[in-house]
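What follows is chain A paired twice: with chain B in the first complex and chain C in the second.
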Partner chain A sequence: MTENAGTSVLGFEPQIGTPSRWSGWRGSLLQGVGPILLGLLAGGVLLLIVGRNPLTFYGTIVNRGLLSPSGVQDSLTRMAPLLFMAAGLIVAFRANIWNIGGDGQFLMAAAVVSGFGPQITGAFPGGLGLAILCGMAAAAGGLWTIVPAMLRAYYGLNEIITSLMMTFVGVNLANLLIKGPFRSQATNVPQTDVIPKDDLLPVIPGTRIHVGILFALVAIAMVHYVMTRTSFGLRLNVLGANPRAAIHVGIDVRRLTIVAFMISGAFIGLAAGIEILGVWGYVRADWNPNFGLTLFALVFLARLNALATVPLVGFYAVISMGATPPPEKQACLTISC
Partner chain B sequence: MAEVSEVLDLSPAAGEGGTGPLVEVRGITKIFPGVVANDGIDLAVYGGEVHCLLGENGAGKSTLMNILSGMYRPDAGTILVDGAEVQIDSPRVALDLGIGTVYQHPTLIPVFTVLENLVLGQGRGLSMDTKRALAGLKQVAADLGVEIDPRALAGRLALGQQQQVEIVKALWGGSRVLILDEPTSMLTPQGITELEKVLLQLKERGLAIIFITHKLHEALDVGDRVTVLRRGRVVGTLGPEVVRSTSRDELQARIVTMMFGEEAASLAGVAEVRGEVTGHRTARQVSSEVMLELIGVSVEPQRSEIGIRDVSLAVRRGEIVGVAGVDGNGQRELAEAVAGQRSVHTGDVLLAGQSIRHTSVSGRQRMGLRYVTDDRVGEGTVSSLSVATNLILKRIGDGPFWKRGRVCDDAISECATDLVDSFDIRTPTIETSCGTLSGGNLQKVLLARELSFDPRVVVYNKPTHGLDVKTTYAVRDRIRQLAEERQVSALLISTDLEELLDLCDRIAVLFGGRLMGVVENEVGAELEVGRLMVGGDSR
Partner chain C sequence: MTELFTTAFVAALISGGILAGMPLLLAALGETVSERSGVLNIGLEGMMLMGGYGGFVVALYTNPWLGLAGGLAAGVLTALIMLVFCVRLGLDQIVVGIALLVTAEGITSVLQRAQFGTTYPRLDAMPVFQIPLLSKIPAFGQSLFSQPLIVYIGFALVVVVHWVLGFTSMGLNLRAAGEKPQALDAAGVSVVATRSVAVLVTGGLGGLGGAYMSIVGAGIFVPFMTHGAGFIAIVIAMLARGRALWVLIGAMLFGMSVSLSTALQLVGVNVPQDVVNMLPFVAVMVALIVFARQAYLPAALGSPYTRGSR
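And now, the complex of A and B:
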């Protein structure tokens, strides 16, 4: 069994002792929004120091990311993979499983989807091909967690370290695949073949937003439902809040650890699948959007509540799209920074 | 016994003056959502006195102590130390004022060693004075008559041992005011006597001691002054003159009435209150069918544990077999081996004649095996989940509470409401998170969960620890009833000899991880049990 028995490390136990100040939804709201406001404030001070007007600066971001028609569409498009990833992280973190290896799972799934994408979309009629590819993405992401999951479940090895190591392996393996077997012969740039635009995920009529955002919202709703209303969700919560109680109560901790880890990876794989099939159609070597780290912060600000991640992820998408000047948007996203 | 050492050196101010109270609280009020835990409490604690604080489960004792030790801040009221008003905003402030506390539930950091735990919070610098700590630990431990390996991981110690470490920690801190919140709940009668002796010595040195207990006889043994709380208010205080001049029986009767009201006065005579062995059980009808059998069971010790070796024991249908011993002699290992939380190294465990050695915890639960753990906070409950959820925590996924994996709130709240009623769990609502319940009420949650849903064999580990006398009486009755009317077999592990004598048909004694013998519960059993408890060599 793992050594970190006892109470949760994640700190979402109720704040016993100061019930009047932080309890209830108002407290949660404050804890979610407070740090963001402080962050904006700190950013504003920095801007003042370098001699810019923070208000115009933030105004521009909001304008580009939210108020302009193309900006808001870009932001919504960006939310799709982020929400899938948030769903995956919540499943793991709730069970006190520190899946730090999201980027490895993401890239493995991205490589698999873009590598097989052109053939599969060609071989199967529209929706079916996409469904198969999404399944492959989920499988790739899920399987990439199996080593840390087993090591944690059977030997109590700390998954922070093992999943991080698997990320290095995953990122590099994905690149090898893209530069090797999956490499397109059509161009000199090391990248995969491009899935024809018509075979990609359809857009919501009247917009440029692909339907991935709808799937992502469904995924978030599902995770929320499972976490709050099902026996599986309660088992995860018990395991996360008090691992010793999980054993005492008779939960099969090994199995649950592995299952939760794999579900987490599968959602992260889906995030990659949706992003490739909705936006890119191919992957270039050394592409790594590094969504993982950003999302840790957002998911914890949401206090591991799936629904609460939606506005936070939306906010982040607006900032990240709004902060990128339009002509550079594509470039910046393509090349790993 | 050695004099209480100079590591306990007191600051010169302690007890000086002798007239005014060392600590006084006035009009302390603390309101939690749905409960007024403390309602205008006045209390004066004098140097050189043991002040007993009594009251039923949920009366507000721990809340008041948490206010004095800086864990909670009162909503109203003032605290005076040496006659001067103080703000105790944090535990640090309390320590600086010389208020040392042994909390009701263990606060040691489980992944640290005993020594590290002791050094933690001492002094303000970064350096850790381990040498002094070692000496102190040794000295105080000797005074208390306990042996604790300073290098043992705190989390691996039995709870009774953790309790002793906490006592050592509080004593060693050099306090002037000592708060002991149910320090004896896991100790054997012997351990309690040793503690009482130490308290008397500390008292002579001018310390003010606040002593919380549910065992009335202990209160009367050491208490100079007795205050009774009920529903957050002071019902009354019996001063030293009254305590000294009134007969024990009358005091007991008065206190019980103060604690529970007139209608409970008849309780005063029962064994649970008197804490003495009243008549031994008449032999019960017990069938010859063996329900639980351990055959040569050994459990490998994990770090700092003792493990158990070659334990063989049979519990027949409807029989209550006790396991006596000082906590830390293999009790937890034994209970967990039966419950399935720990693998059996050699030997076998049979439930109704069937080997369950390789059966999972949940598999054993489905066979009707129940385990009332002694660690209600650490593993028994999930403090962030509601009382209702905790009550059905061992039935996750089962009907009628879940249907095809989906929760049925109505079924859960109906069941929880019933259990809260029948076990008299004091909680504002069934949705209240379990971590806010008082210690005794948390214990009731465990008992309610394990004793409902048709148990066949129950392993109890200190089933009544932390319960007030009235509830203890009711719970023992229920344990007896289950055995007699429903033929439920029980393995009852306890450090409380009186409880074992009250309930059991036979009493086994565990020492150093081995079963020293099994004693029929008849006249004179306590002597034999006592002899075996210290390793069997009669002196």
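And now, the complex of A and C:
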């Protein structure tokens, strides 16, 4: 580990000794927005190559995702799972734990929630059933990180590789569950039984947005508070900045590594739970929204600051919903939706 | 169980193992070079995708050999980005690697859909090169010694990498850059230049591996076709601990674990597709858990080199 290994996690650390012109909030803002503009520019060039007009293309996306009343609602709905996932990634990344296996954790949780969903919402009235299912989602996501977490904690094995391998296993295992024990007998399509619409998360009155977005914002605020104002957050930051220093100040590095990894997985599992209980009510085989690596980029643009992820996630939600053609969005039953 | 190991089964296992193992071998050899020099190339999968796409396009309009060269070039070009950001500017190798992967996934799938989204053109199979006598050996002769020429080149590259890393001053420099860059710098050799060469070699081999997938393996490029092969290659390189000959063994074993399901179907055992997809990754996890203590990475891996810093 070099001296600047901790700060280099943020990617943009100034050279030692030279005062940075880009310090302060203006610099942070520029570092957040600048890359996005460059990205849009690069995307525009790519669109020109394939023979589309970038301006009309982006215009359509903004129109659909932000300016139309239903578009805004869809974008806000989409933000809920993304924010939960961002919260999970920040907890891990701050501790220098590279949990990039988010998709596996997400899909395992999604399979568990939709597989047990119809029975549990049937057996327990309203909120209790949903709470149990969210707990199961968090547990499934958290447990799916345990192998990479243990390997990292006890053998120092690179968790980038192991968490990613577990993603491939998880995605396929979720499919096996959906096609096997959780498969619905009611339809020929390989999918789980559908949770009745009345048992899903309620919507915010007057809109089509389910209340998941409110929980997600609370989660983000909570993570921000814990990371900046509590001793647990400080310990995570110390572990991330300099593991050797962490040992010297008496932190149980192994335990903290495993705990942070599992919290990260639990948030990602909650993201899946909220998405299933808020929007879908079931999971179809081969469904994989691939949120993991997308959020990886957003979280780093936010420089691992939980609050800063909110506008960035909002921006991405607008793009992703704006780029979904309306009929697919309405039915919201397509594989990539 | 005995009737399972029929000639057809063994032949399918070997030829399938080579088909699936060759891209892993090429990419893992590249990753070995990179890791030894101290650069953890997480973007390998992205370089394979770019190589697969670039190689396929060139092969479609010219011939397979130029296609393989094109794949190699596409990989090198992608690695150039890694070189600038990670080696020159010293940014985080993991972040840049993931960014490269996501970018490569996006670019190749957009271009593929725009160009071939409706036509799905296919390439002809590459001509095979029969090695006289050896290819006549029963059971495995045909599958082992009757392969496209690029397969033999791939095997030869194992020896080349082994020789360069172990027996040349270039190889010594590479290993020094990974273990103790300060020492290399003090000896008057540029760490940045050494690592730059290593990153470009990795890009080239990764691109070649991707091109093998699309040109020789599938005959077609489809988005996301590498499906984690780049990451399996990284694991193979990790477990091989920088030794080229172990990379060969690892790549072939993983190749066979992929082709095992195909071979099983040949003898009438039916396996669900999801199990087939999952198998190589389960194998990787088991290998990592069993050999967790043995996996070795160079001391300075992943940390950018700044002269004077400790």
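Here is the rule we go by: the second predicted complex is superposed on the first by the 304 of 337 C-alpha atoms of A that agree within 3 Å, B and C clash if a C-alpha of one lies under 4 Å from a C-alpha of the other, contacts with A are read in each partner's own complex, and residues count from 1 in each chain.
Just so it is clear, a contact is a pair of C-beta atoms (placed from the backbone, for glycine too) under 8 Å apart; a residue touches a chain by one contact, two chains touch by 3 or more.
The shown structure was predicted, so the numbers you read here are calculated from the model rather than taken from an experiment.
Visitor: Determine, under the contact definition given at the top, whether A:Ala241 touches first (chain B), second (chain C), both, or neither.
Guide: In the superposition, A:Ala241 touches chain B alone.
Visitor: Does the superposition put A:Phe232 against chain B (first), chain C (second), both, or neither?
Guide: first
Visitor: Thinking of the overlay built on chain A, is A:Ala186 touched by chain B (first), by chain C (second), by both, or by neither?
Guide: neither
Visitor: Comparing chain B against chain C, which has contacts with more of the residues in chain A?
Guide: The larger set of chain A residues in touch belongs to C.
Visitor: So, does A:Gly250 touch the first partner chain B, the second partner chain C, both, or neither?
Guide: After superposition on chain A, A:Gly250 lies in contact with chain B alone.
Visitor: Please identify the positions on chain A that touch both chain B and chain C, taking each partner from its own complex.
Guide: 3, 5, 8, 12, 16
Visitor: Mind listing the chain C positions that touch chain A in their complex?
Guide: Interface residues on the chain C side: 40, 42, 90-92, 94-95, 98-99, 101-102, 107, 110-111, 114-115, 228, 231-232, 234-235, 238, 272, 274-275, 277-278, 281-282, 284-285, 288-289, 292-293, 295, 297, 303-304, 306, 309-310.
Visitor: Any idea which chain B residues touch chain A in the complex?
Guide: Residues in contact with chain A: 32-33, 66, 71-72, 110-111, 155, 339-341, 360-362, 364-365, 371, 373, 375, 378-385, 389, 393-394, 396-397, 402, 405-407, 433, 435-436.
Visitor: Please name which positions on chain A make contact with chain C in the complex.
Guide: Residue positions touching the partner: 1-5, 8-9, 11-12, 16, 46, 49-51, 98, 100, 147, 151, 154-155, 157-158, 160-162, 164-166, 168-169, 172-173, 175-176, 179, 293-294, 296-297, 300.
Visitor: Flag every residue of chain A that touches chain B in the complex, lowest number first.
Guide: Listed in rising order, the residues of chain A that touch chain B are 3, 5-8, 12-14, 16-17, 19, 23, 229-232, 234-235, 237-238, 241-242, 244-245, 247-252.
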